[in-house]
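In what comes next, subunit A is part of two complexes: it sits with subunit B in the first one and with subunit C in the second one.
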Partner chain A sequence: MEIQITQEPKAVVLTITGRLDAVTAPEFETTLRNLIDQGTHQVVADLHALDYISSAGLRALLAVGKLLKAKGGEICFANLHGTVREVFDISGFGSIFTLHDSPADALAKLG
Partner chain B sequence: MPPVRTTVAAQLENLGLAVAFVEEAAERAGLGHQQTFGLLVAVEEAFVNICHYAYQERPGDVVISCDVDDSALVVELEDSGPPFNPLELPEPDTTAGLMEREIGGLGIHFIRNLTDAVSYRREEGKNRVRMILQRVGVSTA
Partner chain C sequence: MTDLSSELLLQRLTAIMGQVSQGDHSQVESIFELTKDAVYPPEIANLAESFGMMIVQIDARQQRLERLMAELQEKNRSLEQLSRSLMSANIGMLEVLGSAIAKRDSNTSAHNYRVCLYAIHIGRGLGLPADNLRSLIKGAFLHDIGKIAISDTILLKPDGLDDREYEIIKTHVLHGSEIIKAYSWLSDAHDVVLHHHEKYNGNGYPDGLKAEQIPLNARIFAVADVFDALTSKRPYKEAYVPEYALQLMLTDVGSHFDPEIFTLFSKNAVSIHQTITGMSEIQLMNTLHDILQDYFHT
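So, the complex of A and B:
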């Protein structure tokens, strides 16, 4: 897994590449906790290059989502493709997070 | 095709080996991308369960076997830990909102929903979780 971090005026955009599984999820969570500690409250996660996600990956997303919400912020997602989308749907995550077609779309909605 | 079998130590760092082994069998069985993805998520959940719970007293192994017949791919994960039936774990509430959502319980939900059938057996002092994926539209000629 690789995480590319881009600071936009309204949010931090993450591009997650590869696998978010039981092995890589702790690294993802640590990276996000550090960003949040540094003052990040709005996160847009671009998932177009995410090949795979399991429940361990979802747990990390949920932990980060709760942390951000407690600080008045949010994590939203963009570019969910077929199989990743299916995992979001089966878990009900598609309804607890906001999903966008693209990062640009997500940033525009942040107003 | 004869069944294939591999044994790996029940440690998270071996997840990649376990997944690669099953992925190869899925390819031989001619499963599609979507079905393979679902199977690999289910296998990860079962494997991680064993790593976390089966060997709290002493280290142990996971035996993974894959068997392809005309109609299905059968994947079985076996451990020698104390009796534990993951299918008895409660289903998560997948309709709860963000802050009410519990962190956990999704693994077994995925095993149930991403395979065509799953079963548990306790025999010969081992836990055996069997997952079946139907080979849809595969020519067996």
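So, the complex of A and C:
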């Protein structure tokens, strides 16, 4: 897994590439915790290059979502596709997180 | 990987799931550890992944629920705030209407305030539930609202009224009833507004109701209204001392007044009168305002 971080005026955009599973989830959580500690409250995760997400990956997203919510911010997602979208649907993430077509769309919605 | 290690891992997974099913999530990390398919046999990793998805789904629902609860509490708070401001608006309107009626035939609201306080005193003494007391207070405030519809020449006539004029004055209870019916929050003032001139023996108006046929709040209010009229100065009479007022009223017990209500009131009437007549109009208003806050903002 690779995480590319782009600082936009209203949010940090993450582009996650590869697999988010039990092996990579700790790294993902650490990266996000650092961003939050540095003052990030709004995160847009671009998932177009995410090949696979396991239960451990989903769990990490939940944990990060909860942290951001407590800070008055949130994590939202863009570019869900294929099996990743299916997994989001099955796990009920669609009703917790906001899903967007693109990062640009997500940033626009942040007003 | 040997079959044995697979066997052991399965036992471990089974044990953790047993704990989770009992509500113990302390070992849950191990399930996600076991989903690493490069490390553990595929049958173990697949099983762990299925369990992991179950756990994530439960966690997701939990989070969803927590958010909904937070939203609900937030909405509830704003609803409570809205309901408080609506209630304040209603109470304000009650006070303003009460004063408007009072302005019609005198330059003070003091009588209106005093009868409210006497009526509340009796209502409490009888142990009325808060709902009935609220209706009694509204009724007391608005009892003469129908006088708005009576012409000045009759309402403010300094000397006695002839029969025709008296018949017109009597219609104020019907006008009052009509006025308050238009607004649901005031409609429970109806008993007092329409029936406060009924008499216990059936000789009152507008319906000639007798005894228990007269709504309780109207019977209570009649005692308060007459007591205050007797103990107040009027163009045609001085203010009577409360003892004398009670003595006069006693002759009408059973004909005009409900005996039980009068007996209860007469026990403390002198001391209540002393408290109430000692107050300025502003003090009366403030006292009443505080009581309204207590009864209506619950």
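Just so we're on the same page, the second predicted complex is superposed on the first by the 111 of 111 C-alpha atoms of A that agree within 3 Å, B and C clash if a C-alpha of one lies under 4 Å from a C-alpha of the other, contacts with A are read in each partner's own complex, and residues count from 1 in each chain.
In this text, contacts are C-beta pairs under 8 Å (C-beta built on N, C-alpha and C of every residue); 3 or more make two chains touch, one makes a residue touch a chain.
From a predicted model like this one, the values you see are computed outputs, not experimental measurements.
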Exercise. May I ask you to name which of subunit B and subunit C touches more residues of subunit A?
Key: B
Practice problem: Determine, under the contact definition given at the top, whether A:Ile5 touches first (subunit B), second (subunit C), both, or neither. | Solution: neither
Quiz item: A:Leu110 contacts which: subunit B (first), subunit C (second), both, neither?
Solution: neither
Practice problem: Identify the partner contact of A:Arg59: answer first if only subunit B is touched, second if only subunit C is, both if each is, neither if none is. | Solution: both
Quiz item: Does the superposition put A:Ala49 against subunit B (first), subunit C (second), both, or neither?
Solution: neither
Quiz item: Which positions of subunit A sit in both the subunit B and the subunit C interface?
Solution: 21-23, 54-56, 58-59, 62, 65-66, 69, 90-92, 95-96
Quiz item: Can you list the subunit A residues touching subunit B in their complex?
Solution: 21-23, 52-56, 58-59, 62-63, 65-66, 69, 82-83, 86-87, 90-92, 95-97
Exercise. Please name which positions on subunit B make contact with subunit A in the complex.
Key: 12-13, 15-16, 33-34, 37-38, 40-41, 44-45, 48, 51, 92, 94-99, 101, 103-104, 106-107, 109-110, 113-114
Exercise. Within their complex, state which residues of subunit A touch subunit C.
Key: 21-23, 25, 54-56, 58-59, 62, 65-66, 69, 90-93, 95-96
Quiz prompt | subunit C to subunit A touching residues, read off their complex | solution = 32-33, 35-36, 38, 49, 51-53, 55-57, 59-61, 63-64, 67
